[in-house]
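Letters A, B, C and D mark the chains in the order given here, with residues in each chain numbered from 1 onward.
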């Protein structure tokens, strides 16, 4: 008999939809002890909350997240609000004994993140951050290959997250859909929004970073603010690139921008090991590129693996369709929910936890500090 | 206020899942007057039906499709059973005044299809066949480009559907999941299963065919039959290729096989027109390749269009995530349900109807006859 | 001490250049017993011959091929003239005891080809036809893989040669550079010009063909003739597609056209075997695509092999630059000259000989006859 | 009547071959006032020099470069020796009034380069450095597009040059073919060898750099030295990555390594402008990727331009074969010779000159200094 996990969702934006879709679908495709129940959704605008609840099947609505957090019929709070609200909500939810699923990035910065980690660890509540790309099957396969030792010593890691949606100076900052351009709401620009994804994957696949040197740029210096109607300085980084040294001795380059004409959401990474190399690309997320030096000499080449096989060959894919039929972006969230629920059942929590995500925060802090000081920065450790 | 459309699903296999997923998701992403309600599912095994109903949220189960068809609380019957049962079920459902959504291919052959067309047209019930690939956004975009006249006169059409899953002689024929290898259940092999998809798209994009010359092959002549446990001759075509002339003067090649090592479900098509060309590939279904001769000379090249834009740029994509984030196979079914429901609301039925699908049947008949007679065959018209 | 091979070239067009370049380069890159000496070039126009000789370093010129063929200081005659002249020149050259390197296709048709084969075999002169694509390293590697048994039983072969340069109705037929559109000079259109390449490779890689069914089309029915200045019917095939059965039991599709907008010279082939598949593409001729079913399940994918390795890994590549640095189209001719010279030294003649090329001619004959009769045709054997 | 340009080549290695091939071919494909004459080749080993002269058609040999430089029958000296010898030879050649074609990088470092620039400018001799990638047609096309203003304001530049040939610790340093691993001969590792190419292209396409921050690594700390037979510390950088700011306000990342498993010579660059983006890749050097934001919305996509068109469409390609038939690596040298000879005829010297190449040297100096000091470094200007 399935056990219900009663979800209270805060925030009805893009991520609110992505998570709701995952909660609704997971039980159709995975056999799990726990099943999400869409108990309540919270938005400041009641009309928005009601419309969202109707669309997705939430049983009730709230307009004050404090009320939602206090409700006894909620087991898990899902935080999908702008970055500057994560800490307060998460801390309150932890105090209320709720499990927490928090959108990324965890926090505005490292110190704020530390407090959140302390809150959930003190409250001993299951906690997770939505770095969803770990659960794209091709990325999970990459993790498996690394854990199986197929790469050998790693020499290089490189990652990019390129977009082009903010090139127009007419685009305002702030408000619904555009809070990512408002430094007060977002904390940073591409660093916290896009590089955070690259960093989370990198830490997962390649271990901790030692130090970084970075540069950032804000190409358009001022934009109209949607909320005030006035032109205001832009406080976020439009672009950020950094060099890094990992503790395993490998060298890395990272870059993100929203000014790379022609790229919508091109998150790519590549890892070069002594024995093999791996590459992946969000624009064709169902494929993994793999080069194996142990292949016979004349037949060596990058393999384009269509990660859609069954029979346990490819992570998660047994749950979906038949070989050759690709899944998409949204499925990474379904997988993350499935793993979270599995973690509840087994007692082996699914990552990334708040503490895991704090490490990403520390890298972001070092990157932004390096860009400001124009000097190499050591990365703090988030390990206990 | 949304109007319910009460679905009765017959068959719990791969397609039963794909359709159920579409019914469940469509209202989360599309604003429609009608909303599917999962009323009943039917399978010969009660245990299967009950498990499926639980998994997908069907309200009730049946084990005899005649009962389901007779139920007053069912508006639409969805036929997901093997090909040899389509005609009988559809005819009965039409008589019972039900709308019908029938899996492809429509029928075992043209004559059987004619009877089905007559039945639904006499009963005046909305009817549709699940040639889902029309609703992959990249394919729908191809249709738009053709209707806008961008290709000019068409010279060539070529399509392939290549798989490799039946190469092993150990694979049995018949029974759950393998009825596609049993000629009695499937009617034909790759012709009705895979080429039917290619043909449906081709007729939609390029108009009617005039004549064909074909060859078929059965590489493995006998396989154990799952139901009888005995080795029996294989009656299906393992591979089929044909040349065709379209009524618009263009020349075409079609090929399908389940013996193309390395291809899981590689459905591709390409159209060469006087002014532009288009190509598409199911293994990366979110992309359309486009070559425009009107581009400046030195800058001409095949464009790889990542069909994920918003603002009405790319069909259906406004409903999903943000630019750059791809959707997958299952979404084509969601789109087809959305269009079907839209058709009910507007009175302008979504295709392909049974009559549309009959034309594909006629092409298949001509292909199989040509392979047998080793002579060109005219294709019958399905037009009224 | 190198032995000279004194070349007499007939024809100063595109192929005259390609061959001359090969003769000039081969000794710079290959260590061979024989070295080509550019003795004489022949063209009807003396001015053209003189200019060409100066450009390429030929020692002398002729304006009558009969004179060239009769010269004692010529060891080998290279025929680069339009197709309708091959037979007469080759027969005369054979009688004169010259080695012959003849441009493809060998002849206007099979019967003419038979006479040429008889002539060279009677005269016992080394002979070769310039089906140069066999010597693209990636194609040669494909041949190696097949001979090593890596594909296992072959199920499918498919080849295309797509161009788009004759779409304009303003293009005239006949005359320099355009004789390929004049049926009297060319014999056929894409069949002899482009499909002949596809057929030669296919026969080499996959053995003999049993039978074919074909269709051809001439999209533009009349064009101005350059020589007469008058509009005349177009006698060539603009497009040709055919199905074939090989003697090894595999099924094949072939297609060629000059009306495939967006493709300049897209010759592609793919072979699907039980154990592995191979694909190649002239637009990126330095790569071979390879899929090996014996790769570990989760890591199976098409490998893109950059055929530029040294140490004997990749055919011919030791002679050129360093790994990763690609060669191009012209190098296939250099390799063919090298192999021809090697064949002289070892007494093991390099293919394709006239007899090998006759088999391609027979396939072309069957294809054109099938297109005319709309019936399957058996392919004659060219074996002795 | 063609004017001879009498070449004296110093060094018979990989580059000696590449240049000799270019000198031999250029007049077959280009109509030029000047024609190279292969007058003399110089190597320390007489046997090597003689063999090379025979292979390539040099009229005479020298074993002391000073003698070659002093010869009256030499117009131009081509320097293909290890980096540590460039300055001395070039200075002597300038003093002797010879034109100089010098392999890249120009010098061991900036100060040495300054002296060389002074020498050639004082002597007023034509001078050029072999940064051959500027003359790959796709790269030249990129330059044209930028000069035509198609990119608009540039936001980003990124380049990589990845190889994998030094991963084995068994590989020795020093000696023929391996002097690139010996810091005394090479000056630096990937920085001067590979990044120098990336930098030259970048300065040409995107203007001057302002400042850089870099890191380098030597993965294998000691290798046997071929000349001494003893294990010695490795002084070169195996890998180098740097961030840069260009004077036009754009941000850049550069990376090079010989430890990127799976990449033979993967030089790639990408430029993102406000209106368009460009990307190129040495492994498929005949293609240019181009994204034009001014394309119609729904049809925007990266175009893969096969840079093989005629009629003046694509740089240099009129000289070669027909559209669709690719050229390779070696042709970039032929183009460079052609442009050098053209420059002599027109008096408008072809770049990069020694002074142009000095700017690359200054970037390398800043990069290596930054890696050592772990601080941002300004780049010196090479402008007069």
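The working rule: a residue touches a chain if its C-beta (ideal position, glycine included) is under 8 Å from a C-beta of that chain, and two chains touch if they have at least 3 such contacts.
Values in this document were obtained by computation on a predicted structure and should not be read as measured data.
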item	value
Mutual neighbours - chains that touch chain A and chain B alike	C, D
Chain whose average C-alpha position is farthest from chain A's own	C
Length of the line joining the C-alpha centres of chain A and chain C, rounded to whole Å	55
Chain centre separation (chain B, chain C; CA means) in Å	42
Where chain C and chain D are represented by their mean Cα positions, the distance between them in whole Å	36
Contacts with two or more other chains, residues of chain B listed in rising order	263, 300, 302, 306, 309
Residues of chain C touching chain B in the complex	155-156, 158, 160, 162, 164, 167, 213-215, 217, 219, 239, 241-243, 245, 249, 251, 253, 255, 257, 259-263, 272-277, 291, 293, 300, 302, 374-376
Parts of chain C lying in touch with chain D, wherever the complex brings them together	14, 17-18, 20-21, 24-25, 27-28, 55-56, 163, 165, 263-266, 282-287, 306, 308-309, 320-331
Residues of chain B that touch chain D when the two form their complex	141, 144-145, 288, 290, 292, 295, 297-306, 309, 311, 313-314
